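By letter and in written order, the chains are A, B and C; residue numbering begins at 1 in each of them.
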Amino acid sequence: MRLDELAREIGAELDGDGSAEVNAVATLEDARPGQVAFLANPKYLKQVETTQASAVILAPTVRVERRPVLRMKDPYYGFCRAAVLLHGHRKHPHAGVHPKAHVESSANIGGNTIVYPGAYIGANVAIGRDCIIYPNVAIYDSCTLEDRVIVHAGTVIGVDGFGYATHEGVHHKIPQLGKVHIESDVEIGANCTIARGTLETTRIGAGTKMDALCMIGHGGQIGEGCVIVAQLGMAGSSELGKYVTVAGQVAISGHLKIGDQATIGGRTAVMFDVEPGAAVIGTPAMPAQQARRVYAIFTKLPELQDRVKTLEEQIKELSESGDTPPA
Amino acid sequence: MRLDELAREIGAELDGDGSAEVNAVATLEDARPGQVAFLANPKYLKQVETTQASAVILAPTVRVERRPVLRMKDPYYGFCRAAVLLHGHRKHPHAGVHPKAHVESSANIGGNTIVYPGAYIGANVAIGRDCIIYPNVAIYDSCTLEDRVIVHAGTVIGVDGFGYATHEGVHHKIPQLGKVHIESDVEIGANCTIARGTLETTRIGAGTKMDALCMIGHGGQIGEGCVIVAQLGMAGSSELGKYVTVAGQVAISGHLKIGDQATIGGRTAVMFDVEPGAAVIGTPAMPAQQARRVYAIFTKLPELQDRVKTLEEQIKELSESGDTPPA
Amino acid sequence: MRLDELAREIGAELDGDGSAEVNAVATLEDARPGQVAFLANPKYLKQVETTQASAVILAPTVRVERRPVLRMKDPYYGFCRAAVLLHGHRKHPHAGVHPKAHVESSANIGGNTIVYPGAYIGANVAIGRDCIIYPNVAIYDSCTLEDRVIVHAGTVIGVDGFGYATHEGVHHKIPQLGKVHIESDVEIGANCTIARGTLETTRIGAGTKMDALCMIGHGGQIGEGCVIVAQLGMAGSSELGKYVTVAGQVAISGHLKIGDQATIGGRTAVMFDVEPGAAVIGTPAMPAQQARRVYAIFTKLPELQDRVKTLEEQIKELSESGDTPPA
């Protein structure tokens, strides 16, 4: 693809000669002639002048010597677009349901959906169009997926919620009568587990992206457009609003509400509701600004303790000198 | 089923007319006529009067206007029983070993046990009666499961323990000669991993329930009737007693003993033995009461630091005024 | 095998009669005649005299009465060697690619490699010689494994990195064009996920051992000979040096460098680079010595707060007494 064509396709302004042919995206460091790189992080600014890339995608305000450059407001999005145009997404080795997958006869799978070998699609499951179900995914009975949902290998959807009634020392299993519903354009990473509700539907909202090894408890409600990094554990009946960002290894207790556009920092343990737009972090979760102060003091607790010790000695001295009546 | 019949079956006392037909359980909020709801959490008391449910299961002491109600000591257990009676547990789409599962010829599988597609049952494995092995479970060689064990999708039982002898910079794999034994009525969530012992048997006691994404290290001993929430990591050779409760994302170091009926709070890091009946929480694990005080101060460390600063200023002032000899 | 022969094979010095036949390894506690035990942890010294084992492998300096003993510098390595000699590693129930596995036609699998039922080997994957791919492993397209790599059940290699360009409220998937390369003699536990790089190769260095349920983000670089305990979450583009030890449930943020031979304690949250040879622990990660002091004070925060309270009262008293002018 010619550079001027690429610029037009990704919505960038071409600054310099647009006649070069480009066929791949690459990092500034690794790019060779014929490849296009991008600058999203100012830390790598110097590499823009030294890269062998045929062009660099960068923001309108970045001042560089090299030409040609492709200028656009959101260079990372530009890179994404270029990657899709020049490379495309994965080419699947087979279409439709692979014979080594197993789809129960009552399940319904939409057009252009791919089911990889080893995937299991339970009874009465309904999957929309253009979905990708990677190898060894298991979708329990009655769960529903809308369109363009991607489920990575090993993920389990609709497993029974963890619900027992303990009576006279026996944990009696409560039938898990709800299901899981996954809206369109959701992507779920590898080896996640999403439990069906006891009575209600566990829901993952449209456009939400979830990384690997996350665990969503029974009846969880996840809004649209959330970004959830790996290893989240979210207990039953909690609710994430829309466009919530959850960093890695977070824990969310049960029956909580996390407001729209909240941000939950890495390794946070959320034990109370979180307001819309709030940023929390820590164990237990605190407003981010408070948490930064708390952890700064925490790592210097020995100094704080030393200060207290010094005070105790000073007080002792002062008290003793006070015992002696002034001359 | 008539309401009076349901009352009799679940061991509740019917208060009001028992002639209504009920066919489903539901939450107080969602229930419609013909459905039975329950009140286990007093928070929802008001909904008892407004629900459209045909009947509500609740405790003998709860004072409500609406009739009919089904009164019993443990309404949550009543709900569980009603759910089993009215809905039953999952109806499986096929019986026995599915042809898309793989069972090594030396394995032995008991009557009425279901093995879903994609499950792998290794050499010399023995599985009892009435078990359910969901899709893509892998059970390594020689492991044994008693009766009515449920293993959810993607779980791996009997994987090699993480054991190496490091010698001259090389980590030499130690053959993992033990196995895993799972007693009756155990349920294991999705995508868990349970390692076989190096020399000994890793054991999960009868009636224990474990949620998703838990990791049990080699030689771990888990007693009867434990309840283990998601994402536990339990290092090798540790031992849980009977009826231990473990909340989500807990870590348990190796070679520890957790006594019977202990309770381990969410996200706790257990680094020492825990006494029977004790409740611990925190990183590191502390008695629950201590932990509550510690974390309360922790989140207010900036205030504690400010108090120290104020003291330092006051001391300085006092000392200086003391330097000036009194008139 | 005769004991003197075993001694010779494992490189131990026989002290006592070497004519006994031994056929198994066992713990000091469980060993019966005909079995050989070992003492690696001095805690179990007393059991050396009482064990029924036919011989005990122990260090040259340990003083015991019982004979015969096999003395060598590294008794744990001796035990490992004896276990391999007397028991060997797992005997696999079938050779080569099992018909219930699925290998895309463009994949290449080396001699003597075993692929268990339910495993999925994607397009253009290359696997070397003598590897073991356990059931329900999924290896995405174009990933490469060298020789003698062991991948345990349910692990996913080469899943798409978690990369999106968010533009006008939509998270656009970035094609993940890199791959995963796993060097020789690596062992990966069950249900791990290793993401392919966006543009680069995610690499696991030769001889590294990783336990279950670990998550390696896109573009991660793990050096040779690392030992990684369960449930690690390592964000994208971070780098472990050689011979790094990572304990359980660790989190490593993105774009960090962990130096060679560093040690990361259990449950640590690494948020900054770690120097070669350093030992860090805690949330956030601190030098181990500092962390020990910090956590010791942390668990006693109520006492520290009480000391501050006492100081405040003393100061108040002193100030008030100071208000009264001396007689």
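Going forward, contacts are C-beta pairs under 8 Å (C-beta built on N, C-alpha and C of every residue); 3 or more make two chains touch, one makes a residue touch a chain.
Predicted, not measured: the structure shown is a model, and the values here were computed from it.
Visitor: For the two copies chain B and chain C, what is the rotation angle that overlays their Cα atoms, in steps of 5 degrees?
Guide: 120
Visitor: Which is it for copies chain A and chain B: same residues on both faces, with over half shared, or different residues?
Guide: different
Visitor: Between chain A and chain B, what is the gap in Å from one C-alpha centre to the other?
Guide: Averaging C-alpha atoms per chain gives centres 26 Å apart.
Visitor: Can you list the residues of chain A that touch 2 or more other chains?
Guide: Those would be 100, 118, 136, 154, 191, 213, 231, 283, 298, 304, 308, 311, 315, 318, 322, 326.
Visitor: Can you list the chain A residues touching chain B in their complex?
Guide: 100, 102, 104-106, 118, 120, 122-123, 136, 138, 140-141, 154-156, 159-160, 162, 164-167, 169-175, 177, 191-193, 195, 199-200, 213, 215, 217, 231, 233, 235, 251, 253, 269, 282-284, 286, 290, 293-294, 297-298, 304, 307-308, 311, 314-315, 318, 321-322, 326-327
Visitor: Help me check something: in the complex, which residues belonging to chain C touch chain B?
Guide: Those in contact with chain B are residues 25-27, 30, 74, 76-77, 79-81, 83-84, 87-91, 93, 98, 100, 116-118, 134-136, 150, 152-154, 187, 189-191, 207, 209, 211-213, 225, 227, 229-231, 243, 248-249, 266-267, 283, 295, 298-299, 301-302, 304-305, 308, 311-312, 315, 318-319, 322, 325-326.
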